[in-house]
Amino acid sequence: MLERHSHSTEQIIEDLLRPVTQTTTMNWVAFIVLGGVLSAWVFAIGWMFYWGTGVLGLNRQNIWGILIVNFVFWIGISHAGVMISAILRLSQAEWRRPVTRAAEVMTMFSLMTAMTLPFIHTGRPWRTAYWVFPYDFWRGIWPDVRSALVMDPSAVFTYLSGTIMFVYVTMIPDFALLRDRSIGWRHALYRVLALGFKGSERQWKIQTISGFILAAIMLSIFVSVHSIVSWDFAFSLDPVWHSTVWAPYFVIGAVHSGVSAVVTLMALMRWMFKFDDYIREEHFDAIGRLLVVVGSTWMWFFLLDVFFDLWRQDPTDDAIMRMRFFEWPYTLLLGFIFIFGYFIPVPIWLFRRFRRNIKVMFWTSILVNIGMWSERYWLVMPGLQRKFQWTFDWVPYRPGPVDITIVLGTFALVGFLLLVFAKLFPPVPVWDELEGQRFAGEIQVGKRSVPAIIREF
Amino acid sequence: MAGPPNSPGAQQTQQPQSTQELEKMQQPNPPWLPRWGMVIDLDRCTGCQACVVACQAENNIPINTEEMYIQRRPIEWIRLERYWDGAYPDIKARFIPVPCMQCSEAPCEPVCPVYASVHTTEGINMQVYNRCIGTRYCSVNCHWHVRFFNFWQPKWPDSLDQQLNPDVTVRSRGVMEKCTYCVQRINHAEQNARIDGNRAVKDGEVIPACAQACPSRAITFGDTADPNSRINKLIASTDRAYQILAELGTNPQTLYLKKIDPYTPAAAEA
Amino acid sequence: MEVQEIEHRELPRLWELPPQRVIEDGLRRIRGSGTVYKVMLLISAVCAIVGIIAFIVGPISSGWNDRQAWTYVAITFGILMCTIGSAPCFSVCLRMVRGHWRRPVNRLAEIWAIGMIVPLILFFFLLGILPDTVGRSSFWFGWPVSPYLWDSVMMVALVICGYGFLYVGALPDMAIARDQIEGEGGGIFTRLSRGFRGTLYDWQIIDRAQGILGAFYVLLYVGSMTVIAGDFIEALVPGDNSAIFPAQYTIEGLEAGIAVTIFAMGIMRYLGGLDEYLEAEQFFAAAKLQLALGLLYFYTHWTEFIIWWYGRTPREVALLKIFYFEPYFWLFCVAFATMFLSPLFILVWTRVRMGIVGPWVTSGLVLVGIIIDNIRLYSASFSTPNIYLQELSTIPKAYVPGVTDILLAVGLLGGAVGVCLLGFKLVPYPSIWEVTAGIYLRVRRKYLKTEVVLIGKPN
């Protein structure tokens, strides 16, 4: 709060609409590069549809591979939006203002990306619509709700539709702003989207209350989504998968990786769109403090999972744990998880000096996500490779080129969609920033002048 | 119906006069449902893999080329696992043929999103191929690894597609398959029994391909609901019977008889 | 100037008080005590004596071989750890979030740390019935003297940290007491406040120490509850490898810590005459957290249940039976209703949260629930005859407490409450320095056609 710059309203609007109004060279380069990776992604998926799932690196034991690991990873990233938006909105934290929209939009796009993965991954993807929509296609046989794979699309689509509504509601005032400042096809687009918002008191009241209600609803949904994704694994009797802690463990891991992804996004937006006055060091400071708590809670759950896998000293569990600790590549991944996921970032984030350093925050957040991707692999694959004492059947897993292309393509997809979004709509909410400006004030306490904000309620 | 209308068998067929009679005709007699089970005697198994070959021939399983083995994806509805016991020069090979356990509380069933893995009234875990979309969750939850996925479109080279069994579906790629206790043979026997005066299936009338091919008669198949069946007598006559991974509580219908180790005097007396 | 009618959602504004009033209110209990307080202290003294006698007659005389005789000692220990042990964590959480409303509530949450000596003493007695880690499930990997040494280190560190945290937070107020209280009553405060003069350096030390001790307290609390849940409950039930259970127990504890604070808030408001400090704003915000923790209680229980139910192996079915569905089924129902259903159905309504009775009644129900839940958990785990099996084959019958057990539990709980009550004689409540800082940081200002409250955010 100490670094607030007081800009005029017009200046703020102009600055925040700059990504929409101007396309820099960097933008074009990014579009082309990401577009290239995306076309490779589409080609890989087409190849897989044509030839069959045999092109993937799967085998009889490792019958789920890095596509599913990647699916869990993207669902994880999608939890950032709710954490930042809903919880901070409900607790009226001031520092949420510049980041809510980017976080929510990243949620939306990472959810969409995540859901493509289990679809393309099935043996007969053209039949998979049957699975997702609870429509009585075949003579009275509905999807089996006992299966976590049926609860999954329900939860993810609920989350997705809730997120879309939430993003939309919080964007309405900005649609109105853009409608008033654009011409041509853009004007038509924004006019339709703005739903006739004129900024009257009643309309603002409805907009604010809907935002709050949606935020509260989203909170319960976000816990359930990743719990159900974790139950895809934990429902099975696989030795290290069948653990009671996986639901909250996955959720907190998702929040850890998601909030770190938001930090990455914040740093990228600040750099790409020159938002130095809007995404300030105090925001990184605040989000860094949140990350310390979230990361430490995640480490607690991780340790609970590991210790209780070893609890019963069961030979089946021990075989898998030995592989996870001492064999390649799991030793390396474990190193990534501990060191990149926790023991480098969190001690750094304990210090205010580092929390306020954008470069440090950017690189530590990337490290965290490398650690978290490794964690998903470390959690999922060993349970398939060493199931019970069928040592004759223990085979290693190596992802093939198609697998890897598809995984990399998902990163490109999310990046590409975010860039397209930033071209059409302001990534930092203009009305939120203007409101923050209004709420800012100062009070005198003795000889000092202390920054203050107006209490919302 | 048995044969064309004018064939000798036609006179013996009774035409039902009402729905009640039709229903009565369709009920097995005596009125219990068979519960199919299998016992594999590990003491008799020599590891010859005749069962594997017979199963492949009977059930239209794709040819497992060397490529499939290198990719670790061979489809073997009954497979032979070989474990080495001991150290040189006292090495022994232990064999265990593993078909589907046909668990009564099958873990592969509740996890299928589209009800492609269901349990029949006669105790067999059925895979419904045309419902399967290939999520492979059932295989993840099968801890005996007895479910097999068609990663590729199955091909039978040269003229081997002429030997396909017409009683068994040919699966496409993307579909999960597994041992069915040769359900086509069970169905055939049950149809014959129904035509033949609506009697129960006789013990020994149904022999799955693996049991039929086994040279040492290690595999016994039968109706565990029938107290006089050979399989029940076999289980009752020995204390060597056990279930694999019994601690998972899935109640498999495929039982094993422990191998008697000839080098242990105590075991030889058992 | 006309002030527009404040919108119905706004909560009443408080602390329009001069700082001198806050000092007087804060020191009132130290200067003297009312009848109600003296009666409560007397009752807890009687409880303590009865409890100690029952303790000696019951578990001590039956020795450490009969684990079941110690069930109610463990239950008392568990209840205390879940309630007074976790209340300081609530205070730390409030500090981290830097909410404005927390100022009168923080001290009330921290002050419970004074009673932590009671669970510590019970803990040392209970170490006698813990089996060592050879041949049984544990997470100690055969470390030397496990689990006794490590569990003790955790507990002692926790208690010391709790006392430290309370002390550091109360130190400025003790300095105020030293300066304001005349006569020999102020003598102890001279020693306790250690020359605190209110310089910038002094305040920085307090701030830093509070932050570090608070963070450590939370870490130690989480660690201690994990270790207690593992060694005292899970290790004693064959086949129980539920990884969520320590988290479940910790979260139950946090829920009960909030409940004990809200309950105390209600009592202080009505019996302690602090209605100008503990207003609807405090109850509203604390009730939100109570609701959130109640939902988490459900979540952690549900995830354990659904995994065991779906797995349906004999080992898991036995665990479901012993903990949920067979001997202690009704206890579980009551705990579930009070710790989840009541916060959900009472506190989900904004109107109820904006009142005082709703949150206070819910907190009382949650306290009942935590007592019942601890009874359920420890009775189940202490009743298994052989802990070295791979899974439970027969479910032991429900343990029905005898007269000594009940007297022991009630007595020791009352005694612990009494120790906490004594804290009010040493630690000023409400927290003078925090509430005064809040008063300085709040300003009413005219804004367009209405009046708003500005809250200073110094950091």
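By letter and in written order, the chains are A, B and C; residue numbering begins at 1 in each of them.
Here, a residue touches a chain if its C-beta (ideal position, glycine included) is under 8 Å from a C-beta of that chain, and two chains touch if they have at least 3 such contacts.
The structure presented is a predicted model; accordingly, all values stated were derived computationally and were not measured.
S.K.: Any chance you could check whether B-C or A-C wins on number of contacting C-beta pairs?
M.R.: A-C
S.K.: Using CA atoms only, can you tell me which chain is the most central one in this structure?
M.R.: Measuring from the global C-alpha mean, the nearest chain centre belongs to A.
S.K.: Where centres are the averaged C-alpha coordinates, which chain has the largest centre distance to subunit B?
M.R.: When every chain centre is compared against subunit B, the largest gap points to C.
S.K.: Just the number, please: Cα centre separation of subunit A and subunit B in whole Å.
M.R.: 46
S.K.: For subunit B versus subunit C, what separation do you get between their C-alpha means, in angstrom?
M.R.: That gives a centre separation of 59 Å.
S.K.: Mind checking the centre-to-centre distance between subunit A and subunit C? Centres are C-alpha means, answer in whole Å.
M.R.: Centre separation, subunit A to subunit C: 34 Å.
S.K.: Hunt down the residues of subunit A that sit against at least two other chains at once, touch-wise.
M.R.: 235, 237, in rising order.
S.K.: Which parts of subunit C, given as residue numbers and ranges, touch two or more other chains?
M.R.: 310, 313
S.K.: Specify, in ascending order, the residues of subunit B that touch 2 or more different other chains.
M.R.: 110, 248
S.K.: Could you please specify the touching residues of subunit A with respect to subunit C in the complex?
M.R.: Per the touch definition, subunit A meets subunit C at residues 1, 91, 94, 220, 223, 227, 231, 234-235, 237, 242-249, 289, 293, 296, 300-301, 304-305, 307-313, 441, 443, 445-446, 450-455, 457.
S.K.: Which of the residues in subunit C come into contact with subunit B in the complex?
M.R.: Of all residues in subunit C, those touching subunit B are 310, 312-315, 317, 391.
S.K.: Okay, in this complex, where on subunit B does subunit C touch?
M.R.: 105, 110, 247-249
S.K.: Name, in rising order, each residue of subunit B that touches subunit A in their complex.
M.R.: These residues of subunit B touch subunit A: 71-74, 81-83, 107, 110-115, 131-137, 139-141, 143-145, 148-153, 172-176, 245, 248.
S.K.: Considering the complex alone, what residue numbers of subunit C touch subunit A?
M.R.: 7, 9-11, 96-97, 99-100, 137-139, 141, 219, 222, 226, 234, 239, 241-247, 295, 299-300, 303-304, 306-308, 310-311, 313, 390, 440-441, 443, 445, 447, 452-458
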